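There are structures below to look over.
Note that chain A is present in both complexes that follow, paired respectively with chain B and with chain C.
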Partner chain A sequence: MKVRAFEHGLLLALAVVLLSIASVSSAEEKAGWKNGTSLAATQEKSCVRDTAFMRRNHMEVIKHARIDTVRKGVRGVDGSLSECIVCHVNKDDKGVPIPVNQEGQFCAGCHQYVGVSLDCYQCHATVPTH
Partner chain B sequence: MNNTQDTNQKRRQFLLKGAAVTAAAVAPGVMLHTAVVAKPLGEAVTDAVRWGMLIDAAKCADGCDSCVQACNDENGLDLLQKPQGQAEDLWDQQIPKWIRNVKVKDNLSGHVTNLPMMCQHCEEPPCVDVCPTTASFRRADGIVMVDRHLCIGCRYCMMACPYKARSFVHDVVEHKLTRAPRGKGCVESCNFCVHRLDDGQTTTACQDACAKEGHDAITFGDLNDPHSEVSQALKEQSSTQIRADLKLNTGVRYRGV
Partner chain C sequence: MSLAFAILFYVATLVLVVGVALKIMQYSKTPAPLKIPTTPAPTTTSGVVMRMFREVVFFESLFKATIWTWIFAWAFHMGLFAVLIRHGRYFHDLLPAAIVGPLKYAAFAMIIGLTGLLIRRFAVNRVRYISAPSDYAMLILLLLIGISGAMMTFVDHVDVVGVKSYFHAWMTFDIENLILPSDMVLRIHLFLVAVLMLIFPISKLLHAPGIFFSPTRNQADNPREVRHVAEWAEKLSK
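And now, the complex of A and B:
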């Protein structure tokens, strides 16, 4: 009996590992959000931090930038929201920028997928302007 | 983030400044001073600078509103649209204004004075006192402003301000500028074109516009620097604080009122 239970446990663990691998790879193109949909990806620039770090921590990076800029007057910081938009906005066929919060766009596509809704764009521009 | 921290920072910088003055005095007869310092982009503002303004009402021309126009343009206020169906006069009262054109008439003599009225950037700002969320705050360099990420739209500050300098955004904002985000439900007011100052510029949009019209009624600069244009102008001739009785030590001073 004891050996059986151990075997079951092993199988279960294996299944969990396999499942999570599968879901990571399918996350790349689910819900219209694909890695590499942003204009930034087509340019030879890198993000303000490692891509993997940004994927998990961009909200913290932006929050720090927000406090530094608004409360302390530090501009041109790495986590600047307007800079995110400059790099990550896409343009349509006529070269007109598409708002980053539009369905399927770099920011919105992933946020839709993970179920996050931002209130930032009530105030902040969604395309680069002056 | 909170007031305590801002104040502690101020104290530290005060101590630092004391040290710097001592060091400068070591070389006798040598005056070390820098003209208007353009702050490096990546550094936090300090209380080494206190931004301030002198407005000469005698030079402020009747019928001219170029400072107001320039302010609206710089800070995206001209992009705001009247909510559908709202009456003109209500919109006129509610439309966010950072500069108000105030006309004062002396009933006895009939003399009319024009003056632009905006946030006076008090050293002891009543709006900051009453703010329940620390959204209203005074930056180390003396600029009083609203951190709209923290503003809950309670409007206590609007009631507390003796200068009627604050506005409330009543409706959804359709057209936005990157440099001037704003949205429904927050209070805002003049911030001395903070984005320009942080970028190393040393003028405000209203000042530039007034100079361009040839009126030169607005002088802006660092009150802590005795050699700045604004400090020199304040030293030379008398000026007043509006509602000086409140002892708020305003950063905006007037002449000819």
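And now, the complex of A and C:
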């Protein structure tokens, strides 16, 4: 009987900890990303969505545009890769844009850091086209 | 919360490493007084190494014994192995995207395998009869870890760069930069992993190091060629 009570206690403790983790509402982290940043990313002005959302879901926003525009023919969806690049490209000393998929740049910096493939630029331009 | 998790993982890592090391020492000291390799067994040491390799990598004896259990067990273990390799990306920079990307589907092998093993626990009468609470507990714990992990890959993306920089700070004791992304699923996942690490050295999961010490598997079938004397018996005869 004693063992049973111990097990129940253990399960209860586990449940309490899990619930408290789940219910903690913590402020959004302000971790600065050392890898691949851009001028736009360091400024207060916001992207098409807030930073926390973009960090986690930028790929969905871009994918969405791809399916909507290419397959369904819908134009003017919010989120366009070329506009991403206009803001997030870095420039060298002479003012020439550095491709975003080059090592340490805005896209490649993080993608290399966590080993995530970056295949947008097999087709798309890596520097602003206008 | 970031610091609490960091401390939890320092403790859990210590318990896991020291606990498993102590267990391995205990296993290596445990006497094996009898010559009891399961026959047919190899007659040479290199044969034993080969057999152990097939046992550990392919689960040969389970394959010959219970094919359904083998299907789920092997799927789970191989899935877990691939998932562990993939998680290496949070601790070092050696993994290219070409490996990290495709390996994400291993999560499904893991979850399907665990689900099969859990169903086996209560759907097969003779297995249910001998199942202890810990048998269910380990399966459910691993299943929850697998599901919460797969959720972050396939349903609700987590800030993976944030996770990596957190664990980089964790490994280098850089308390200032210990900032854990605030995703709830991530915290549940990490908490369950810490629980797993803490109970590993006192759980049935010790079969991982244990199999290498099991006399029915690590002995050569050579009782006529080499006389088998247990260490403690050897001391007595001197």
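Throughout what follows, the second predicted complex is superposed on the first by the 88 of 130 C-alpha atoms of A that agree within 3 Å, B and C clash if a C-alpha of one lies under 4 Å from a C-alpha of the other, contacts with A are read in each partner's own complex, and residues count from 1 in each chain.
Operating definition for what follows: a residue touches a chain if its C-beta (ideal position, glycine included) is under 8 Å from a C-beta of that chain, and two chains touch if they have at least 3 such contacts.
Small disclaimer: the values here were computed from a predicted structure and weren't measured.
Novice: Have a look at where A:110 lands relative to chain B and chain C in the superposition and call it first, second, both or neither.
Specialist: second
Novice: Between chain B and chain C, whom does A:56 touch in the aligned arrangement: first, second, both, or neither?
Specialist: After superposing on A, A:56 lies in contact with chain C but is clear of chain B.
Novice: Between chain B and chain C, whom does A:118 touch in the aligned arrangement: first, second, both, or neither?
Specialist: Touch partner of A:118: chain C, not chain B.
Novice: Between chain B and chain C, point out the one touching more chain A residues.
Specialist: C
Novice: What residues on chain A does chain C touch that chain B touches too?
Specialist: None.
Novice: Would you tell me which residues of chain B are touching chain A in their complex?
Specialist: Result: residues 1, 6, 39, 41-45, 137, 139-141, 147-149, 172-173, 176-179, 181-184, 186, 194-195, 197-199 of chain B touch chain A.
Novice: Along chain C, where are the residues that touch chain A in the complex?
Specialist: 1, 89-90, 93, 95-101, 133, 157-162, 164-166, 177, 179-184, 187-188, 191, 195
Novice: Across the complex, what residues on chain A touch chain B?
Specialist: Listed in rising order, the residues of chain A that touch chain B are 66-77, 82, 85, 122-126, 128-130.
Novice: Can you tell me which positions in chain A touch chain C when the two form their complex?
Specialist: Spelled out, the residues of chain A in touch with chain C are 7, 14, 17-18, 21-22, 24, 26-31, 33-35, 52, 55-57, 59-60, 110-118.
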